[in-house]
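Listed below are the structures to be examined.
Below are two complexes that have chain A in common, paired first with chain B and then with chain C.
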Partner chain A sequence: MAELTINDIIKEENLVYKKTKVMTDNVMHYCPGCGHGTTHRLVAEVIEELGIQDKTIGVTPVGCSVLMYNYLDIDMQEAAHGRAPAIATAIKRVMPDKFVFTYQGDGDLAAIGTAETIHSCNRGENITIIFVNNGIYGMTGGQMAPTTLAGMKAVTCPRGRDVNTMGYPLHITELIAQLPNVRFVTRQSVHTPANVRKAKAAIRKAFENQKDGKG
Partner chain B sequence: MAKIRGAVKVDTEKCKGCSVCLGACPMGVLDLAKEVNGKGYNYCYMKDPEKCIGCASCAIVCPDGVISVYKVKVD
Partner chain C sequence: MEKELKLMKGNEAIAEAAIRYGADAYFGYPITPQSEVIEYFMEQNPIERTGMVVLQAESEVAAINMVYGAAACGMAAMTSSSSPGFSLKQEGLSYIAGAELPCLVLNVVRGGPGLGTIQPSQSDYFQSTKGGGHGDYRLIVLAPASVQEMYDFVQIGFDLAFKYRNPVLILSDGIIGQMMEKVEIGPQRVRRTMDEVIKQCPWATTGKTANRERNIITSLDLVASRQEEFNRKLVKKYDTIREKEVRCECINCDDADYVFVAYGTSSRLCMKSMDLLRKEGYKVGLVRPITFEDYRWSRRESKGIPHYRNEHRTDGRRRNARSKRQAPS
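Let's look at the complex of A and B:
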């Protein structure tokens, strides 16, 4: 049999994976290798699989992912720093049939917006919060954040976080998991293919919980 | 025995050369090119196209979604 060339394989009928249509063709502004791109794509793939592109409203935070509305072809709303869960609560209560999610980094969700996060979870709002934690204030130059791990080095703690003077890292995921009104909390990573698949399953489950009205 | 042959297509102008896909590929097919694209990044390409099995691991970890994967069964 004649040897297959690459051009024989690259045909529309042999396609197994390509970028989802819910994402736009804009080039992302993130640094090379940043997990935001992967997470954006996972959200977009879940939205496409559930067929809710015209029923989804996203709330973007302040931080690197503030420009998320450039990359996802859905309705988006920009919130004040840390207040995305409050905006999402309002949107969901006004339009209960829409799927509402917030997409927040740790500086937004676990630092300035801790109160909004905890109270919206405590009220059991029927929204999905996607929390992207890198343990550092990456956008402003790598300063120590409340979520920075003990011993982790940052620009403002070059010898590593000392828990005696700087306190312990805020594990907001574990904190929220204690609340009785919270339906589904999980911690995932996107650095290997297996973990990306797990993270996608988690995002999908979160959206399905919202569909069932379980929060 | 049926054999799976795969191929990836990389949007070289959008690739940022982060090499996440290199570590994700179980067969060691991908590598960064010596040449750079319009943004000055060494984009990724198939160094060893014979080995590709079309598992799409590279595509699902690609942060910029520049990789499309194709797969065909060869008798």
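Let's look at the complex of A and C:
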């Protein structure tokens, strides 16, 4: 039997995975090990699978993922810090047939943008909010975030987060889940292959809910 | 065709004007003395009348960012507030100016600083004309002196906003907002279809179709040289606006020894003073700036007469009314 060469393997029928066309070829600026790249890919794959590239408008935050619009091949708006849900509210209201999502970090969504987050959810806006929580302000250099764990060290709490003076990590997901107009809240992780799959299923469900008017 | 006349508050006139203009969205938050704007909108239910979206936001900050979101989709979007609330919108206005989005904002000015008073004032002049938020941008500012102008400036304002992709401010005050005057109402215009929006605003985030590159609305550029280039482009745009869009009303200026210079409510007071002084034989005139930021003063010998390079009279009806009242001197 002849030996297999690389060209024998690179064939259409052997293809098990390829980059979605909803992602651009731009080189990502994220640090090694960061989950943003994975999460971007999941969003892009869901958009491709649902066939909604021409109907999707994304809103990017202030934080590490501020440049997300360089990586996804869809129309996007860059929001002021914390205001993405207000912007997404307006986009969806003026174009109800579009799919609208925000992509926000913990500082953006649960500190400076708490009001916009809670009120857009309370109105039951038919949008998807993707909340990427790393428990720290990454882009500005490791300051304490609203979700920084009790006792965890950061450059603005070098002796660890003291819950008596700095408060407990804010459980924004649980807070949002209390609101009667919110249809679907879930917490997922992208640190193992199995969890990546679960996270993708969750993002897909969130987008499908928009289609059904239950965002 | 018979003219449609209505007795309206300034705050109501501006809302009706927006509906009739075919505006796509209004986002607001209550504050005295401009709450009638959103109340009138809600009462009229424009989603039924024209399909226009009206939403009470959780704050002025959210409202101006909703304007950003809608404007970035190519929509004719507006918000309104009064001084303390208008301060809260400055961040959003800076982003809107930086992303070069068209929108219309209304400030029904009240006295300040801080919470100040709910009485009318012209105190937000510098905030309005020098940018207000960070980053050295400029608004196009229109100052109405009557309820009719509150109505008329909606169309002028939106047209300028889309022409230059720049936020336009109607700088009113508590008197113009609250007082009732006769208003001539224009016909109802049909809102643009989505195809018309895309044709007019090919830059808007309306969904990336196969025939074009993706549209990104942002005010961010981390490359310093490109940001500088962009700022130069903005300066050029502001210069063009100064060159082409100056509006003012000059009354009795041709033979005047003295002129009042006043805008908005103050111009109404000066108008009366001018009439009284003319009856006493003083040759007094009035210059009423309607757009701000372009005073090329050239003093004539010993007489403080302003010289405008460019003069647009706004409104035939008002001008005729004035000319009849010119006192013989």
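In the analysis below, the second predicted complex is superposed on the first by the 208 of 215 C-alpha atoms of A that agree within 3 Å, B and C clash if a C-alpha of one lies under 4 Å from a C-alpha of the other, contacts with A are read in each partner's own complex, and residues count from 1 in each chain.
Note that in this section a contact is a pair of C-beta atoms (placed from the backbone, for glycine too) under 8 Å apart; a residue touches a chain by one contact, two chains touch by 3 or more.
Here the structure is a predicted model, which is why all the values come from computation and not from measurement.
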Checklist entry - In the superposed arrangement, does A:A110 touch chain B (first), chain C (second), both or neither? => result neither
Checklist entry - Looking at the overlay, does A:I47 come into contact with chain B only (first), chain C only (second), both, or neither? => result neither
Item to check | Which superposed partner A:I130 touches (first chain B, second chain C, both, neither) | outcome: neither
Item to check | First (chain B), second (chain C), both or neither touched by A:I172 | outcome: neither
Next on the checklist: According to the stated criteria, A:A154 is in contact with first (chain B), second (chain C), both, or neither; which is it?
Outcome noted: neither
Checklist entry - So, A:I57: does it touch chain B (first), chain C (second), both, or neither? => result second
Next on the checklist: I'd like to know which partner A:T192 touches here: chain B for first, chain C for second, both or neither.
Outcome noted: first
Checklist entry - Looking at chain A, which of its residues have contacts with both chain B and chain C? => result none
Checklist entry - Along chain A, where are the residues that touch chain C in the complex? => result 53-57, 59, 66-67, 69, 72-80, 83, 86-91, 93-95, 98, 115-116, 119
Next on the checklist: Considering only the defined contacts, which chain C positions touch chain A in the complex?
Outcome noted: 24-25, 27, 53, 55, 57-59, 61-63, 65-70, 72-73, 75, 77, 91-92, 95, 99, 194, 205-210, 214-220
Item to check | Residue ranges of chain A touching chain B (in the complex, touch as defined) | outcome: 1, 4, 6, 8-11, 14-20, 23, 27-28, 30-38, 41, 190-193, 196-197
Checklist entry - Considering the complex alone, what residue numbers of chain B touch chain A? => result 5-7, 9, 14, 16-20, 24, 41, 46, 49, 54, 56-57, 59-72, 74-75
